[in-house]
Each structure stands twice: as C-alpha cells, then as structure tokens.
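These notes are about the structure you will find just below.
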C-alpha cells in the first residue's frame, strides 16, 4: 500500500516539545499517524497536547509503546545524536527532518544504522507521506491523494508542486518521499526506486532529481535493467552555474560532473522521459502509462 | 566554504602534515621581508579561490630579492578568472623530484570519505580522472576504524612501488590528512602536488580545502578564514541574512521557497527565454524581515528589471507569506515590478490579502515566470 | 585432533624478515608447520631462507598461497596494524606474539576482528602448539608430546614448565595454548575451555591462571555447569602484593580483586583441583582422571 | 604508570574538562603565593600516589593565609602510608552541593572501555561497589563510535534525574573523559568527586589517572610525569634496565625468565617457608649485561641472603643463558650464594658450562627453591 510504512508504523517524535516538532506532530496526529510518544530529555513525564506522553529517552518510548519509527526535529548539533539514539533503541525507520547536519556526522552514523538494520530517511528532507496510511515529516497533507503513483524527490517544495499537479490530474499517490538534498543521506534514490518497483500498489512513479552527485544516473541504469513500471523524471538546476551550492549542500556541479544535462542524458538513454518543466510531468506520465 | 592555500596549509600543519613554512602577505614590502626571512629561493603564490593560478601567471619561482619584488608587484592586484589577488604566499622553494596527488572527499555512493591518490600529481586531477582513470587509486575509509595502517601503506606502495621510505611517508601523510579531514569537518581536502625532494623527503606544497558550512558551529575559529573580500557582496549579505543565494547574470529576480523549486523556477525562466538574475531560497519562514533582506539583496543588482515570488505554502501558510511580502514591500521603496505566485496551505486567504495591494499575482509557476519575463522586458 | 588448528592451517608470518620473526619461522617450518609466505612491507619479492616467498602485503600472501592464518612478530607500534591487515586480508586465525602492545590499540581492533569472524590469540603470548599438527608461535617443540591433554595458560615459561612435566609423565597434549597476560586479549580462557570441551581428542585439560581479572572465576563457573572432562588448575601469584604489576600488564591485584586466593576459591568451589605447586599438577590430573 | 592528581587534572584540562585552576608547589612560600594568586579560600592537597589522603590529614581547607602556611608546613614532608609528600596542590576551594563519581577503566570481559558513574561520590568507590553495587551505573563504550550522546545523557540523567542542566554537564564531561582516556592511552581515569556547586556548576575536583606503560612511545611528554622520587630506587633501576621487577620484603632473591614462572617461583619460596625478596622477570634474553643489571638490583637489597635463578630455556638456549650468568657473575663481586636451575633447550650444554664454576645448581624448580631457602638461612 506504500513503501517503508504500513499499519504497524508506530511513531515517536524526537524533539516533540520544540516549535517545529510540536507543530508537525500535531499535523501528523491530525492525519491519523500513530504518534504514540515524544522525546525531549528533561521533559519526561509531560504530555504533548495533553495526550501524547513525553519521555526523556527513546528507549522509554520503545519500552512503553512499542514504537518502531522515529521522526526527528532536533537542532543540527543534536541530530546525529538523535539518530544514534533512535537506532539504538530499536527504531527501524528513522526520518530526520533537521536541516544543516554536518556531513561528517552523517558519515559516522551510517555504519551504526547498517549494523542495526535501521533505515534512515534524510536528513534535511520533508520526510514521507503515504496517503491514507501515515505522514512522517512535513509534507502537507492537503495536496496528497491516495492512488497508484509513487514519488521520490531530492527536493521539498518542488515535490509539493509536483504532488499538487499529480493530485489535480487525478493521479493519487502510494507514497510521496522526499529524501533530501544533502551529500550523505540515508535512503537514496536507488533505495526508493527498488521499493517502488517491489510495491504492488505502486503502478508508476516519478523521480525528481537535481544537480550534484550521480544518484540519478545510477537510478537510470537500475531502472533500465529492472523496472517495467512507467517512470517519469524531472531534473532541477539546468541553469545552475558550476561550483556553486544551490541551497542544498549536495546540489552542486563540481569538477564538471553532476550537471542536469548529464543526468537528463542518462535518464533518456534508459528510456525514461525527462520533463522539461514541472508542468510537463503529469502529461508525460499519462502518455507513457497508456502504452 | 573554500579556503585559501595558506589557510589549508595552516590546518594541515596543525595535524602534523609536513608543509614548508610560509607567510601570507599583502604588500610587496612584506613579500620581500618574508623572502629574506625564509631564505631564497622562494615561491610567490597568488591566493585566490580558483584553480589554474600557475597557468595564469600567479605562481612564480624567485631566486633573487629583485625577482620577489617584481613578481609580487605583478601578482598582487592581478585578476585571475575574475578573482583579484589580494594576498600572496611566500614560501621556500623546494627541489622537486616527484609530484604526486593525494585527495579526500565525501563519496555519496558509499557515504564515506574516499581517499584518492595518484602518481600523476601537479596537474589537474579531473583531467587524469577523465583520461586515465586507471592512474587514480581509491580507498574508501570506514569511519569506525579510520584509515588503517595497511590501507594507507598499500596506497603508499602503489604510488612509490620501489621506495618503501617514500611509501611510508605517504601512508603517514594520508592518515594525517584523514584525521584533518574529519576533525576540521572538511568536505574536500587535496594536496596537489605532494612532492618528494631528490633526497626523498615529502612535503605538501599545495593545499585545497573546502569546509562544511553546516559544521561551522563546531569551529568558531574557522569563520575568520572566510575571505570576505573575495565574496560577492550580495552573496555575503545573503549569507549574513541566513539566505541561500547565488548571483547570476540575468534580469529576472527570483524569490522562491525551497532550493529545488528555486532551481526549477530559474530553469523555467530560461525555458521561456528569460534570464534569471539569481538563485534565492527564502526557506520556510514568512518573516517580513527575511523578505526585506531578500528583496534588498536582489534589488542591489541594477540589472534586475522584475522580481517574481514563487511560494508553495506547505508548512508555511500562504496568508502569513502574503503578510510578510506586503509588510516588506510597504517598508521599502521598490522601483521594479513584482509578481507573486502563492499556492498551497491557506492559498485563498493569501491571495485575498495580495488582492488589496498593487502587487502582480499569478496562479501557476508557469504564469508567474512568464509574467516576470514580460515585465523585465 | 587440536583446537583452532588442523591440517588446513596455512600460515603467513608477518615480520618474517625480523630477528625474532625469522628465528621462529625457521622453528615453525622445522616442526612441519605450513608456513607458506612471509610479509614485510618493502621486502616483497625476496625469499625467506631461499624458500618462503616474502610479500609486501598479507593480501598478496592470501591471493598467492591461500593462507588462512597469520603469526605476527612485528614491533609493538605496528602490531595492531598488522592484526587489522591480517583480518582484512581474510585470515581467520591470527596469533600475535608481540609484547608491549598498547591496550587501547587492542580495544579498538577487537570489533574489527569480530566483524570479520577472525580469532586472535594474544597479543603478548607464546601462541599455540598442537603436537604433530602445527606450531604457531614460540612454544618450544622439544618439550611437547602428542596426547590427550589440553593446556591453556596466561603465562609463557610457566607453561613450558608444566608441559615439560606433563610430557615427562607420559601425558601428551592435543594443544598447548598460551593466551597471554595482557588485560585485553583475543582468545580468552573461556574460549579455550569451550574449544577443549568440544574437541573429541582432548580428554582432560589443565588451566594455568594468574592474578588479575576474573577470567579464572568465569572459567570455573562455566566448567562447573558444562564440562565433564577432568580439569586441573594452577594459579600463579599467591605472594604478589596488591597494586603491583607482575610483569604482565594484566597480572595485577587491584582494588582487592583478582587475587590468587579468590581464584583458587572459585575453582575449588567448582570442583576443580588447584595445584599448590607446579609439580603437583600432574599428580592432581592423574588422580582426578582415574575417577 | 600512576600519575599525581595535578598531572591528571592537566590532562583533563587539555581535553576540555572543567577543572578548577591550581598550582603544584613544593615549598610553603610557593603555597602561600599560589593561594594569594587564586584567592582564598583554597585547598591544600598532598600529591602522593596513594588513596586515603584526606583521612590521613593530607587535604586541608584553608580560609586564611595563616591556614595555608600552617597546613602546607604540616603536609609537606608528611608520610602517607609510606609515601612522603613532596608536592602540594593549591587550588581554589569550591562550594559543594553534590559529590558524584565518574570513572573509566578497561573492562577485560567486554574488551572495551567501561564508564562507571555513581551519585555516591567523594567516597571510596570500591566500597560502594561492594556494599551497594546497584548505586553504580555502567556503560560499555563501543570504540567504533565512542561514548554517544544518548548513552552519556542517559548516565547523566540517572545521576541527576531532576536536573537536566546538571545531567547535560555530566554527559559532556563523560564524553570528554572518554576522549581523554583514549587519546592519552589511560588504563584508568577517575573523577572522584565530580562536584556541583549550589549554583549547579560542575567541576572535576580530583583526578586519578593511570597511563598505559606500553603506550608511552606515543606520548614522549608523559615520561616527564613520572615521579622518580616516589619510585623505589631498585624498581626505578629495573625499569631503566628494561626489567620487570617488584621489590618484596624477603631474603631470597629470584631471577626468573617469564612473569608467570617468576610468580610461581615466589609462591614456591613461600610454600617452602622462605620469603621471596622480589619478583624479577629477566625475559627471554641471555644478554650478560641484563643479568648484571638484574643482579645489581637484587644485591642492592641488603636483606637478600641468597639468589636463585630459575630459567626455562624455551627459545633462549640454556648454554647462552649459562654463559650470560657466568660472564655476569665473573664481572661482579658477589657475596651471597647463588643457585641456578637451568632446563629446556640445550640444557646439557648449559649445565656443563655451570659445572666448571662454583655456582650452585639444581635440577628442578622445587630443588632450586629449597636450596636457596636453605642458603638464605
């Protein structure tokens, strides 16, 4: 019905008493997500919005509520620490919304996650929204619609733009996933694509890439070899100058590689239509899907 | 953040890498004084945040004080690919037997630091990578264990297969470079070239280091390494205001929330035949002050003939954003036309607010871009 | 027929061109141990004693000779590095003879070994001698004899003393194992005891302990619960003063714990005879074995 | 190697742990000067490598210069459990609200560093461990990841469950202590007590640190931390000669190869009613110089009435050892009887060499011990 989440997803929010953490926890709860606990060290014993118990540690949330998923809204200097804690407590899915996490912190945390078999989404990402199932992060629920299309993106608001257009065209989503634009992220394009390909409910999917790295090229290769479902792509940053970081730490054309043109070429060579404009995504998908 | 050679060398020295001494100076007098201090011959090396300094005449070998005087005079103030040389590094010239390349970067695929090394040093490593990738050796470093002795030695022996002493020096240098990389939160660190003298003594005679902006809070002293003069004034203002901004050469100013959407908006300006004046991500905030800062930065560019806002209110509510834009524009004296596209959460309320102003509006991303191009003329 | 080694044991010696490494490699070869390669960086291409090829790296020794075991004779500052290298190259048994390895180095190397499923013996140990099968280390071959007794010891020459007495009494050995007296060692008393217990050829075994730590107490508990074979023990250091390191870094009575008296008590409580003098070991073993 | 409180605190300070200032002084005048420098009240703390200084009167609170003068005079030169006080630490007295314990050591079972912490600080932690082990919290630290934030915070919150600010300070201190432990190659590092002032500010007001002798080559500067005056002269001579030696109070000198065999030999001396004068492991060498050093060290002890050699020649050949003993004894003027047991490799040759001398010999370990006891009388 979705990738990475299902009815058994039980959520703890790390940083639930913060401004952003609180706001989005309300939103997640309002969407029916099972947010069973929050964590803020020193706030153990309090209740969030008079209902969700707050603990000092993730371990306590796991012990008392069997949570298996954490959504992290803590400041950058505490983000990696929160990821370690969630993984150590046994969370198998960790969504880190925090922007501005040092890359070296992420390099260090990755093997810890691998050892514990935990999946990280992010950091610096909008998270995941599986319409009708759960919202883990900050994707606005107003624009989504249940349906057969998967969407994975390195971007935030550009994702909303595309989801909005999909929903407006009647193309609902199995899962909308923002993986973030940092150089080192937990769940990659490839991971999402493999999951969408295996998900029986996902009939087609959209990949929103951007300049920097070669994740799109790798995805193209994989899709060519393994994916029969219709896929459409879009790459942001055709006009980005080389050597300049475009907002995301990972969105940079360096040493002449990671350009939008290269990515477009690789995707097209794999038979994946690359929309020129965001508004071309829906028609392109509709066209390829008909075949 | 990219830092200068002399700053990178200071970091290297702090982690025990062998770097020849040197002084960064800004006048010919100081250049001469430093040259006398270190003893001739010396190198006079322009300190600019761009490659190709040597080809541009920005790196000179000096055997006499006269040479130093002449070259420092020429190089200070020189323009290298749009970068004005304000500082030169005076450093003792060392005899070079061999030039090698050692570099580290974040490898996105393995999510680890990758060591790259090549016996083809001193030249553009990207060219080597493209033309003869087999001459570049790579080692992925497990952050749990660091660069292990045998991993470093294997690299050292590949680069100097017939000289175990040199191989050992390289191995040690690579291990120190890794510690420097991690401890200084680098995103890239290159020694190109690493040289051996004819006597077989190794030195890092260049340093190219990028530091992770996200980690600056851990290194408050690194803020001083930022070359404010080399920075574009508008990019500097944006950075200080906490905005992601990149100056371009077009005439359509773009204020967008979100980096991906901002890039897509620029691309769309180009698609419709316009020229974006900038990349600017104002983030999720609806704070009027931030909007004011953003507008000031864009308006400082006299080429800008029209400004577009492309805002997708996801978390941020459109009415808040509309209020922010109205408050900002009211507080300023703006001579270029503005057109606003607001969509998402509380879109209707936002639009209603804008309708009471003389700001232009648009329903879609396409429309706002087209209108802005038209307004820019 | 022995613990940890068998006919498939193929050895590389790290530090084969050094003084100690060379001497003991000759001894190992003389005993028929399959020393197929040596490693000394910078000496690749040479031959040890005109027969054993020397390589720059363990990896090359593995590739060219399929070695699966390394015996390490490198100076203390290189010992941990040599262990990483051996494990990384795929050696599953690593015997580190080197004395004076910093403890923190050993703390760091342990998880690396665990991840690769490699067994370390030592450091700072005489290694292993399985009479008739292989010698991995520095135990003198002249004193051993093939037979049914296992021997594990934290000591070096005291081991020889006991082995000598066993052999003199006609009690041959399956394996004589010196695990070393450092605080952090790869193979522990417990590991050895479990292996001896499972080894069908080992009919009885001797444990030579010393002051420091509680490895003997743990072994006692395990033996009481799991071991039916006759076991005899000896503990060195009854007269050692508290707080003084007795040669081995790990042989120290600290905070009133790790005393010989405590160990003796624990062993006897588990029904294991503790010999008063080294010369009492053989009679004690003979007596308990008869029962 | 155990180091003094003030030396441990210097290491702690270097790793960012909050330690009140202080000066280690050796005269009353300097004590007074330091007290004036730091401002009263101060503590005068004897620096000896033994616990129980407080109970022995070696730690005093001083409100006036007169107090400092009096206490420094009393403490300097004081004997604490056989240790003469030569240095006192003058350090500002801090108001104490709570005393806690933080310590790290090598855990042999997990082969990792173990953090131990307890709200029962300031007192003998071994007593707490014995009587109320449930009051000591433990955390095993994975060297691949270090002491993680949440692990440290959990410990901090256990110690200060109702004060998150204190918990955070503790967590940070524990993380710094771990880095200090690893980077300085400690084998033990204790802060007992860690205190909080009534205002909730934490300080490490004591430091007990042991450094790993095997790692000294990595820390050449630590050699200077060794308190040569506090060391037994014979143990110092042995250390400098590269011998493992521990002085005991008996009259039978023991020269043995191998630590386990040396202990077993001492035990056997005791078993047969004698008193071993020392533990001495001469190692695998047959170098006559080492034997000379060993004999000199043992003979410096006037209590020694007989000396035994118990050598199991495994790798070392017995003839080599015999030659070493003969060369050594010939070069010295020795007044106490010596009896030698040599066995193992080339035993026959070794014995043949000894037979030509007037050194006593024995066939077995039992025999050599019995003979030596008899000779010692």
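When the chains are written out, they are named A, B, C and D in that same order, and each has its own residue count from 1.
Here is the rule we go by: a residue touches a chain if its C-beta (ideal position, glycine included) is under 8 Å from a C-beta of that chain, and two chains touch if they have at least 3 such contacts.
These figures come from a predicted structure and were not determined experimentally.
Colleague: What are the chains that chain C and chain D both touch?
Modeller: Output, common partners of chain C and chain D: B.
Colleague: Looking only at C-beta pairs that count as contacts, which pair of chains has more of them, A-B or A-D?
Modeller: Output for the comparison: A-B.
Colleague: Taking the mean of the C-alpha atoms as each chain's centre, how many Å separate chain A from chain B?
Modeller: Distance between chain centres: 27 Å.
Colleague: If you average the Cα atoms of chain B and of chain C to get two centres, how far apart are those centres in Å?
Modeller: The computed centroid separation for chain B versus chain C comes out at 55 Å.
Colleague: How many angstrom between the C-alpha centroids of chain D and chain B?
Modeller: 52
Colleague: Give the residues of chain A that touch two or more other chains, as numbers and ranges in rising order.
Modeller: 108, 111
Colleague: Note the residues in chain D that touch 2 or more other chains, in rising order.
Modeller: Chain D, residues with two or more chain partners: 144-145.
Colleague: Have a look at which chains touch which and call the overall pattern line, ring, star, complete or other.
Modeller: Contact pattern: none of line, ring, star or complete.
Colleague: With touch defined as at the start, can you tell me which chain C residues reach chain B in the complex?
Modeller: 41-42, 56-59, 78, 80-82, 84-85, 88, 108, 111-112
Colleague: Of all residues in chain B, which touch chain D in the complex?
Modeller: Residue positions touching the partner: 144-145.
Colleague: Can you tell me which positions in chain A touch chain B when the two form their complex?
Modeller: Touch list, chain A to chain B: 23-24, 76-77, 100-108, 110-111, 126, 138-140, 142-143, 153-161, 164, 181, 183-184, 208, 210-211, 213-215, 218, 234, 236-241, 244-251, 255-256, 260, 276-279.
Colleague: Quick check: in the complex, which residue numbers of chain B touch chain C?
Modeller: Touching chain C: residues 144-145, 148-151, 153-154, 157, 164, 167-168 of chain B.
Colleague: Can you tell me which positions in chain D touch chain C when the two form their complex?
Modeller: 106, 108-109, 111-113, 126, 129, 142-144, 182, 185, 187, 212-215, 217-218, 244, 246, 248, 256-264, 266-271, 276, 279, 281, 312-315, 343-345, 364-366
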